[in-house]
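Note that the chains take the letters A, B and C in the order they are written out, and that residue 1 is the start of every chain.
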Amino acid sequence: MKTFRKELFMNLAERRWYVNITPEVSACIEASAVKEGFVLVNSMHITSSVFINDDEPGLHHDFDVWLEKLAPHAPTSQYRHNDTGEINADAHLKRQVMGRGVVVAITRGRLDFGPWEQIFYGEFDGGRRKRVLVKIIGD
Amino acid sequence: MKTFRKELFMNLAERRWYVNITPEVSACIEASAVKEGFVLVNSMHITSSVFINDDEPGLHHDFDVWLEKLAPHAPTSQYRHNDTGEINADAHLKRQVMGRGVVVAITRGRLDFGPWEQIFYGEFDGGRRKRVLVKIIGD
Amino acid sequence: MKTFRKELFMNLAERRWYVNITPEVSACIEASAVKEGFVLVNSMHITSSVFINDDEPGLHHDFDVWLEKLAPHAPTSQYRHNDTGEINADAHLKRQVMGRGVVVAITRGRLDFGPWEQIFYGEFDGGRRKRVLVKIIGD
């Protein structure tokens, strides 16, 4: 069994943003030389997500409006987590809706994807450096 | 390491529906001859889900009412994704709540499940042919 | 390829509660002797979750208030699942938001985690014995 590991670095100026990381994950698969297996891609932070959906800016706007409705940032005093001095409790909740990460099949050395699937990093508490883990196992 | 891959085809008349695909996944495991490993089951489309919950029609009704409350289909004009000519933005959101797919352990050649776990395909934008990926790795 | 399997037992007096199970999962990885691979940790029940977030009591309170707002327990008559004699339909919904389980990378014999990641069991219908599956594959 072969394994491969790489960290991707994110540093977004905005509090919330969505970045297509599919090319970086594909490059990892090529570098791993794994032809058949699984790739795990997950945020190493608990206020951001890795998820699979559509690369369409209108949809990303919709995600953002919707997540803010489900788990509003303000008033920050509504969350007990923010009593610790943080103001990012909403980011911990938003990340649960969008998920920590994804497992994707690798077939014949490539991401085994449907026609519109793309991998995104979803930032909900930006303005600082964060990491995404790519781990591959297979043959 | 053995690997196995199969696509399941779904074509539901309804916009939203829930289908138990556990027998099809179990048949894949048997065909793979894998005794110990992981099976990944995921929708290859970004407006549907694969998830694990209870095979109880009342609960599926509750899922449907609840998802429509969290991410309503209408008015379709509330979503910027629908400016592209689509009317399925809500399906992209609903799929995030229910998840893209599941990873299940295989032990002694079978799904390693608790007493009530069953695998479902959740359709949120039906009326056309879609695919579910089953990928198995193990020994 | 090595594999390892263990069940963890949970029996919480409260209807809803959050338990840090990271030490138990780490002990499984050590016992497995797997240095590079994946560990799957999932609830074997469909009214509880395994997820990764912060070990901070204020945040767990926030999760609880938020989940109760998204999928209220009462009135229990609002859910058709509860016509079966159950009163736990809300727990089936809450578990979808928080997820069934997680896949975590194992690197150099340890959980490959960011600085704050911890694994939690989330109970939404307690008062009885439940199980969590830990399954490891790798070399």
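Here is the rule we go by: a residue touches a chain if its C-beta (ideal position, glycine included) is under 8 Å from a C-beta of that chain, and two chains touch if they have at least 3 such contacts.
Nothing here was measured: the structure is a model prediction, and the numbers come from that model.
Chain A and chain C touch with mostly distinct residues; of the residue numbers seen at this interface, under half occur in both copies. Superposing chain B on chain C by their CA atoms means rotating through 120 degrees, a value rounded to the nearest 5. For the pair chain A and chain C, the distance between C-alpha centroids works out to 20 Å. Shared interface positions of chain B, i.e. residues touching 2 or more other chains, are given as 1, 38, 70, 97, 99, 103, 137. By the touch rule above, chain C contacts chain A in their complex via residues 1, 36-38, 51-54, 56-59, 61-63, 66, 70, 97-99, 102-105, 107, 112-117, 137-139. Of all residues in chain C, those touching chain B in their complex are 1, 3, 5, 38, 40, 42-46, 70-71, 79-84, 89, 92-93, 95-97, 99-101, 103, 131, 133, 135, 137.
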